[in-house]
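A, B and C are the chain letters, set down in written order, and residue numbers restart from 1 in every chain.
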């Protein structure tokens, strides 16, 4: 792909500051871009890199005030501009021609929308419904009675179990499992008996699920991820969890059964949340948080058991300072004892 | 499925308290059930929900004493009753007709018991033995010389590596790997050399393995999960680990090599256990515990490094109280200095 | 396989101390080995086990000075000797005959080197290149334009996405995903937009990847694991991470985006490292570390936020001692108040 700085500026609604005729053949980071590539400054923290970059052009915020020779594209949202420009230079993806690969196995009772692409060795069970334009890559398994919306993209080795329902434009990365049995047993006369998990999983429109994620079906009812939820790799979502619109969960988190998360929360890596809790909207959880009780909307929390994030950081800092105090305490007690002794009192006389 | 309160009471050995002729068409939680559904009160904590439920009937403990208009089924173990009733209403599962799907690849030297079902695109290598009634879903891979008992259920995308042995009624959920190489290297003249992992994995009768779990084969000998062990999703079991009968492990735990767990232990989420340790029977580990030494039977532990769970909670609570003590210490020292100064002594005169 | 103590000693460059003619039919641990098996003492901590073993022979360090009747093979590196001897007794692996299984789907534009083995139901997309002697087990998916070196071993259910590049002798265990999209979104007018992840993953020679691992492709450029990196099961490597030669990462670790690790680091289980950090060479991280800032070469760290490992252990120990100090502080304050009171002063008179 070859284009120019001016054309890219037009694409992203930006303003050229420098030579708009400059040809652009690719996109890269400030550190790695060469003279025929465009780069971008998303985080002002890295402004120094704009001075040092070999990039032919750089996308910056319209208020950027660095004194640089490089051609700039100034725009109101460099992050969004980057996403759009990256699409221009994205290498051609896998060929996923509409139609069913001859080695795929599709039940005669499955219904496939227009333009659906079914990859090699993919299995589609009875009564499955798939919306128009959805792409199933090779070696995928779709269970009986599952429904997928339109324009979904299901990567290889994914399992979507029976009766799960996906909205439109849902992306599921390789190796993930949607609709595995919830982890539920009851004791009966000393033996552990499996509780049938007869519910399903619902992934609403625009949900994206990372690689090797596991999302358990509900015991009854649904495990539901609302519109636009984004899940990173290796995350565990237990049965009957509900995750609100736009919430983002980073890798290796675990949400235990029947917990509800609000909208637009952000969970950093390795967070664990107990079962049967209610987490509000816009909650931010620091990495490795362990959440043991309900959390009101707007909270920023951290630590285990989780508390306010600032309080948690302050606690850790204070404890580090305190850790040396064992000696201080002993010294104080010795000084006190000296003051309290009759001799001390006498000295005072 | 349609039945009545009286029939369900009979099924679970319970007693009807109200209208036994009431029709029941499904099962759901107290919050979600409608008038033609049955629900249950497993945890007395949620007794209030029995007052508010729209469910047509509720399964409760025989000693339940709430003053409610709803029809009740009283029984000695509502949990177990629930599991049984849920089976009644379970939707029909995937059709897994006995026989080998025409697209499956089964070695001529493999031996399949009566009624075995082999799904589409499933691969069964040489010398594999599979007991009667076992179901392999699509896209499964069974390695050379592995043996599976009867009535097992192996979900899609599972890999069972060569020479692993599964008992009867073992369930392995989608994407799990049984018998991957243990993680073992030795240094030789500055290079890291792989130690061959020539052992296997044994899963005894009634073991259930969640989705995307990894269980490494032994270096020599066996990695063994005894009868009735239940493993949640995304758990790592390293080489030569042994897990005692009935032990339950929640998601994202990691058990390092050669550690032995006793019977009927319960590990909450994200626990890590060091290698070469011995954990007794009936040990309970709180979420995120990090276990660094042997643990006697019957312990309840938590924290990192793990200690008694109550001691760990007390420690955390005390440290939170202490965290403000930096100022207290300084104030004490100032007061002491004042008392110790000659002036102070003089004042005292 | 049957051999003798003398032959095995010769193989590993060791010296027989005892009966070299003794036949050896297998290898096992000291605790489990029988009289026709060889075993080994790798860790001097377990020297006692050499006294108790029933093994026919034991490989020990040349300086081992236990007074035992058992035949010994003394050598300079018992660990490496063990690895070599284990190979002698490794059971025959899966049959992976050169050639393409008739059920595999290989694009006509893919190029396969001499002796390549492609398992049943494996899918190889357009323009893939695979070096000589590489083995792909069943149900593998290789994306468009990916390249694999020679003598690689790719286990079942693995996905290698488009344009990723593997060197020679790379091993990828079952269920792992190489080249999933990095987790990147930008906000644009209140909506979260996916940033195209147009880079790739490079695994250099002799890299080994455990089971159900996820390695994200770079946003631009590469996510790169240098020569000899070894990754355990269920590890998450985010986009644009670079991991230096010989580094070892144990299970359930998460490395966030754009972080660089040096050479020969060792990360124990469940470590998390923030994004955009630089970790030096030869850094050791204790289990469950949470790393929030750059780490100089040669550091041994632990805790969260991570600090020097010894300092972290000391901190934890001191805090446990301190935790009881709340009462001590109160007592001190009461004693101080008593000393400060006029009465006290009067008593002193």
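One rule holds for everything that comes next: a residue touches a chain if its C-beta (ideal position, glycine included) is under 8 Å from a C-beta of that chain, and two chains touch if they have at least 3 such contacts.
If you're wondering where the values come from, they're calculated on a predicted model, not measured in any experiment.
**Q** Take each protein chain as a node, join two nodes whenever their chains touch, and name the resulting shape: line, ring, star, complete or other.
**A** complete
**Q** Which is it for copies subunit B and subunit C: same residues on both faces, with over half shared, or different residues?
**A** Since fewer than half of the residue numbers are used by both chains, the interface counts as different.
**Q** Express in whole angstrom the distance between the two chain centres, defined as the mean CA positions of subunit B and subunit C.
**A** From the centre of subunit B to the centre of subunit C is 25 Å.
**Q** Which subunit C residues touch at least two other chains?
**A** In subunit C, the residues touching two or more other chains are 103, 121, 139, 157, 175, 212, 234, 252, 270, 288, 319, 322, 325, 329, 332, 336, 339, 348-349.
**Q** Going by the contact rule set out above, which residues of subunit C touch subunit B in the complex?
**A** Result: residues 27-29, 32, 42, 77, 79-80, 82-83, 86-87, 89-91, 93-95, 101, 103, 119-121, 137-139, 155-157, 173-175, 208, 210-212, 228, 230, 232-234, 246, 248, 250-252, 269-270, 287-288, 316, 319-320, 322-326, 329, 332-333, 336, 339-340, 345, 348-349 of subunit C touch subunit B.
**Q** Under the touch definition given earlier, write down the residues of subunit B that touch subunit C in their complex.
**A** It comes out as residues 103, 105, 121, 123, 125-126, 139, 141, 143-145, 157-159, 161-163, 175-177, 180-181, 183, 185-188, 191-196, 198, 212-214, 216, 219-221, 234, 236, 238, 240, 252, 254, 256, 270, 272, 274, 288, 290, 304-305, 314-315, 318-319, 321-322, 325, 328-329, 332, 335-336, 339, 347-349.
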